[in-house]
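Lettered A, B, C and D in written order, each chain numbered from 1.
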């Protein structure tokens, strides 16, 4: 397998490093108009380089698209049309119609289209998803997620499109669906007001009925990557920065003596032990890239398949509209993506109509 | 000074304990219809007790109102009418008109009316306010606050009215003003959907132009009481649960080479030292109660005077309306409360027209 | 029951506060030569006061001795001789012979003698002890404890006698025995070299065979109160300052394929989940004082009976000698104190010969 | 520059990775009897490989020795004799005489001999050293260091020789000297008693007069790498695992009104702010390797020169003897290594007699 990586910025260079360490990858080709960025990669990891995708097409079997989001559609479409399997960094595209166009093109061309929702390959997120599906948390009631840091401001998208794909894809993955309605607030401070750098999202899921809140910021002194899941039986906190204990399960909740009486005075609070399951350390990006290569080999639909990418883009697009219109926005065509669950296996069974 | 405490629940019993430890308090009288709650107080702290305020009036000079919020107006009004000085727990009332009514009654009766915005008496919050006013943080750009825990569900108000007064009063106090517009989301999960138990607030201040986000939850596994203030020069985090270091100042920010070009590629990130100022340990409630007694003695307007209480209630009322109408709501009559600033002294100079 | 507290310093005033909150205590009498300290207590908590024990004897049934350690023997002996039950703050005395003298006197007088090893009444330490006794940790192999802070320097003892009683009494209580040999280092820095303010202890237990290391310091920037217990099956960390999670159990250890081959290359490391058991919040000092009152009522030997106090003093005395002689010192008369274990009950069965 | 790395275990493979990323390194040659370990390196980083040093000598100009400690002398001596510059992983050798032999051989051969005391290249440790030398901490009084984790047990040395070199080299580097006397305790638990896996060190420095305590353990549930430095004016904590804030300076201390009266009652405790200086993230190993290459190029003596390695080995040897004899052991030939201090530059001026 010969893999090309288009774009050698922050994420592209990570892909090059990971690909170069995999024995199943025959050659890693870097594609970037900037010679110095290409050279930095070829001197250590890559086996060849080209200034643009067109000239590289004959040297690669698959392509990782790591260019700025606004260029995803154009670059991915060129690769798909040339019959290459494609892994596109999140978000899949900058509009639902572009994202859906790529899904259709890939189905037509018979190639694998996968989106880089990295956290769907995180050991801790998969442990959490398994526990949710086994009922350990009871019914999920609400989710609170935060992706905060100082910078890195993007040139072509606001903070929503940069940081919220993580939280949205995690919520969709944990709940097996996509939100029906989206609310959003945004404000802009550190960059002269040119684009939102702080935003809040409210995702309303109908099936199951869950409200998720996601905060994103490019303007916070402390880095945060955290998801809190509140269930009727237990609560869980995923903290991506707590390397030694990324997942904690709290045996806590609220009980009521009488199902029909929810007045505060009949509620009691249950406090039990807190468990940090052991999560084997493994780099999600490596697992993601390996999964991409396996899907190419076996023809299976990837876990973070194109339609999952469409669902995240649809939520982001609705969020932008919610900010502009100061209202709650319906997500058009929200469908259930509920993956079949069999034990620890998170393979997704996609309905026929979604993949083609 | 003889002080009565009406309501011996969570906050009322704290007031009794604090009052009983102050030498300037001659007697502490507890007032509660529940005899066992009264007995629990009189056996250790209080000097007398009554089942209702009416019968206690002749035995007290001042009254602390710590009954459920819906009863604040009635109880406070009775005390004011009888010429007693009044400290009302937050929120001052459950409607702006009720809150304003109490302010007018107190002005008419010539008694002190103070609201229990405890954090305005916190050493760390005052240190933060001083630094903001001295310009250490540059221009404040945005504030993010969170008040989360598991329980305690209230019978007569939703989570906004229970927990958001803290964040709103802190923002108002730090910025010296009140929000012009309020957005809010709420959802309800743990109590059969009877009342919001998770909510998000967006406060838009015009003077200075700041956006503040406040999250409140009765349904979170971990207790959080935190305020992040982002300025153009520095950022600060107040964490009420970090007893040893409740305030941290981050010398971090974003610089741009060219004032007129805010494209992401011209932004640079500045990282400097983090400082935890030493904050002398002192209980805010004790300082608050002492301040109340001093204002009675000197006739000075309290820092958290009635008009401040009106401002918080107006924001809460707007928030409820924002949830109901799914829209951004103007706060009627938003006025500048900017206190005169003279060094470390946080005494507020209230314009004549506000106090009467 | 009428209880006198001799000494109204740091610990004495805590005892007065706790005693005054217990319904089974009829009156609390404070005894201190300093009138202002007595007044501070009587104005809020106490029911009477005396400048010295002699004049107070007829007004009390039991006495808490909270004077400086060097005075423990004299004060406790006077109370015992007068037939009063006695709770002595740790350390029981400043020499083994003095400590043993008090045990003998109490046995002779037929009164309860208890020593204030507070942590033996801590919920987390008792949960840890139960798990050790149930075999959850496997065989305990070593213990590491640290009691560090900045100050409070004592006038009459070094840091060992001030802070090490906590660690020693915890180790003795967890292991059900006392160390056979003691090593110690000490150094002095912050007080002109007059008395050790930093020290390290090595306690060698024979039954079970365990090495415990205890560090104590009056000269550390961060407060630490922590005990790590390493067993063959699991490890545990008690952190008295982590209020929300004072006890954490690590399912971690070392396995070897071959019992007889311990070369490093055959060892494997086992990593499993970390559990924070729920520990109900309750003040150890309150439980300790209640236990004292119960033992007086029932005649039972207290958990931290006098002989336990002797064992701690013997270790401290050996430690002083170890510092002076730079050698490992035998603890004379080290005996097994192994309490009978029956489920969650930590009641100690003391052999006949120990209590009299 | 062609660099060979002998030994491709944990540290050797790190050296290979770092060397392969440096532009000034022409080729990286891996030397290890195990073909699979060599292949793992050559497939990604290295430019050539040999099963033993002898056959590699003609292909390298400098050698990194990363074999087990017991083999350091033999391998380093062969490289030195062949005129190669040598960087030896810590500890330099397993006896003082072996370590001194290597220093003499290198002086004779005119090659650079450097020891891999990584932390002398840490940004945070150098910031701390600068502050100490500028007098910010006042006079250093005592140091407490801990290097704890679960595993990795070594086959040929005990935990002292494995983990204590870090703490000893840091203390020597911060204080500019070496200890005059060493005390040590050790015990063995997890490996059938074959070799100490828990140990405590006491280092007594005479110039300046400082006591340092170092704890090391292969048998602790939580990883710890921490150094606390207590000065008369300020205190500092270095925590290598706190990536965002590896160094914290506490403005805390003890004051006495009267220089000649150190009784506890005249001491007061000073509490001021805590500062986390900004430390630019940079990998110490990369800085160390670069320094080695620079010293080769310029002929300068390296910061962690051979004599520094001898000093650490001498302390370790004394510690082993202290454990065996249960006594405080003099370190023979302890000399002052006080480096000349000129601002931020930590270059060491070695007296003529030391390097030859």
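To be clear about the criterion, a residue touches a chain if its C-beta (ideal position, glycine included) is under 8 Å from a C-beta of that chain, and two chains touch if they have at least 3 such contacts.
This one's a predicted model, so the numbers in the text were calculated from it and none came from an experiment.
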| item | value |
| --- | --- |
| For chain C and chain D, chains touching each | A, B |
| Selected pair, greater C-beta contact count between B-D and A-D | B-D |
| Centre distance in Å when chain A and chain D are each reduced to the mean of their C-alpha atoms | 43 |
| Inter-centroid spacing, chain D versus chain B (mean Cα positions, whole Å) | 53 |
| Residues of chain D touching at least two other chains | 271 |
| Graph class of chain-chain contacts, one of line, ring, star, complete, other | complete |
| Touching residues (chain side chain B, partner chain D) in the complex | 245, 251, 271-278 |
| Chain D residues touching chain A - in the complex, by the definition given at the top | 20-21, 44, 223, 244 |
| Of all residues in chain C, those that touch chain D in their complex | 141-142, 144, 150-155, 183, 185, 187, 189-194, 198, 200, 202, 211, 213, 215, 217, 219-222, 228, 230, 235-237, 250, 252-254, 256, 260, 262-265, 267, 269, 271, 326-328 |
